[in-house]
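Below is one structure, written out as structure tokens; the observations come after it.
Chain IDs A, B, C and D follow the sequence of writing; residue 1 opens each chain.
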Amino acid sequence: MTSERPLAPELQVQRWFNTPTPITLAGLRGKIVVLHAFQMLCPGCVAHSIPQAKKLHEIARGGGVQVLGIHTVFEHHEAMTPVSLEAFLHEYRIAFPVAVDAPGEGRPIPKTMADYGMRGTPTTIVIDPAGRIARHSFGAEDDLAFGLFLGDLAAARSGALPAAEAGICKIDEGCA
Amino acid sequence: MTSERPLAPELQVQRWFNTPTPITLAGLRGKIVVLHAFQMLCPGCVAHSIPQAKKLHEIARGGGVQVLGIHTVFEHHEAMTPVSLEAFLHEYRIAFPVAVDAPGEGRPIPKTMADYGMRGTPTTIVIDPAGRIARHSFGAEDDLAFGLFLGDLAAARSGALPAAEAGICKIDEGCA
Amino acid sequence: MTSERPLAPELQVQRWFNTPTPITLAGLRGKIVVLHAFQMLCPGCVAHSIPQAKKLHEIARGGGVQVLGIHTVFEHHEAMTPVSLEAFLHEYRIAFPVAVDAPGEGRPIPKTMADYGMRGTPTTIVIDPAGRIARHSFGAEDDLAFGLFLGDLAAARSGALPAAEAGICKIDEGCA
Amino acid sequence: MTSERPLAPELQVQRWFNTPTPITLAGLRGKIVVLHAFQMLCPGCVAHSIPQAKKLHEIARGGGVQVLGIHTVFEHHEAMTPVSLEAFLHEYRIAFPVAVDAPGEGRPIPKTMADYGMRGTPTTIVIDPAGRIARHSFGAEDDLAFGLFLGDLAAARSGALPAAEAGICKIDEGCA
């Protein structure tokens, strides 16, 4: 089944944030790459997919999963420049590497976005350790279903979030 | 590592709901069992762990994961009888099998709850295909972290939730 | 306009919780009464209307607004007895007075529920200082719209919730 | 008590969005003005205060309440220019009038923000019909408490949100 997966095109990047050196998919062979394509002014990205990517980066770091962001601006280009993106990454405390997709030549859709055939933002693409596309989804992924997929794809787990205590009931203490 | 996991004690059950015949852990060898211990009047169970169990039951059915509920009443016993539980399961549309934990003899904590050393509700216990306890957590599990764990434990995935479209931005259509 | 409002029928109550003595609408003339009709196993009540009633009780106490609950059981009567309700009120930390609606004679709908023509739960009824019905709504009320209505009805305000600091940006300190 | 309220300083505005002609507080005497100060990259503004302002604009229009936004950029000025703000207002579907606060001369805090002594964003300021400051809060306001305050301040209500039906229980139909 793995052999049927299409090869993931290499990223085409104007510039990077949150990494000292440029990153390539070729250099990440052996890892699972979760590529979050977003626009900083996309409401669904801000509300759902970026928090999910931040959480995944937090719990899966060191565990064979690399979270990458890519800023795929296809509208309002003048409003979402790298200068604005840099402040956005700071204010939203985004710590994983983020690429600025290379501008399309003569058209609004940037190059990586076009190469992957993305339909809009947010788009989440999972690339397997062999560099092939294992999942491509448009819209907000459910956390539980996405976790099951990723965990199944490889030994993805390497951390855990502490269980929340809101509303729990303890023996001898009653409910919080 | 698997061999270090403790064997999961067999469930001790007063009666079952949502299953035509009684279920045993012994009969589920080869599957991953996710055992959700709850009380119907536990706020954290109602708000978090029961919705998670329902979602897991929905997306993991057929995929080697069996979701079981167990009603582990350790306080207000007269308020959470099987009669009340039955209405609760109906109103909250809980479709997975639910056991009523066997009452403790001379003490408020029921038998299965005591055998597993549970500290309260909600408690989530994951039992591996060999019948050993792979995870025991008290409180609300994060969906993403729990999904990663389960997916990693076995080929747990067999379904997916559709991506949500709230706030997405489509090429040529703008943001929803 | 006030004169066009229908008079609120007196409550018909089997028993009270959270009050040392029985309460009557007649005894609350001069105050705004917010009557929350609920069932302890109604999911929308637990998720939305009871938290709203608790918050209103907290911020409007002393300010001319009296929050009352009424347990209007019209189905699964044996599952939602006063014994179960008492534990529910304890576990969900409900501190405002709660009436148990008087059982219907020969039919499942209890008396107060029938007198008010309620269609189900949750139902929220606002009674003005003259004892007339100013609002009758079925389903979950939006907090902002409901607050505007209540505040407009009378000098309802007497407290405030502190502003939340999640995500705020402070001068000289940046964003939290 | 009204006489003790400080006069609201006139807005100092670089440019307006969502209004054909400039707006002044002087021109709004007789109305309640709810002034939402925000930055487009402030997470708490995007998550809480802007949705609240949008909802208030929706339900209170025509009812003597005027919602105004003011973009009070005090950091990352080059990232939150009017060009970026215009796209933000479009993507987040913000329809109420929004002012761009006049830049501070020789300092990062813009003029209106300084005149009001705002501490950061989000800040919500309520101006009474006489042009005096009735409320000044920093952080996210609770919907219910804010609604009570506004409704009490004047005949603020002129609309209502329909009650939500999630989880309701209907007589003869059971729970949704």
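Basically, a residue touches a chain if its C-beta (ideal position, glycine included) is under 8 Å from a C-beta of that chain, and two chains touch if they have at least 3 such contacts.
The model shown is predicted, which means the values in this text are computed figures rather than measured ones.
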Statement: Between B-D and A-B, more C-beta pairs in contact link A-B
Query: Which chain's C-alpha centroid is most distant from that of subunit C?
result: A
Field: Mean-CA-position distance for subunit D and subunit A (Å)
entry: 33
Query: In angstrom, rounded to a whole number, how far apart do the mean CA points of subunit B and subunit D lie?
result: 44
Whole-Å gap between the CA centroids of subunit A and subunit B: 29
- prompt: Can you list the subunit C residues in contact with two or more other chains?
  reply: 42-43, 46-47, 91, 169, 174-175
- prompt: Which residues of subunit D touch subunit A in their complex?
  reply: 41-43, 46-47, 76, 78-80, 83-84, 86-88, 90-92
Message: Considering only the defined contacts, which subunit A positions touch subunit B in the complex?
response: 39, 42-48, 52, 55-56, 59-60, 74-75, 109, 118-122, 137-157, 159-171, 173-176
Statement: subunit D contacts subunit B in the complex at 91, 169, 174-175
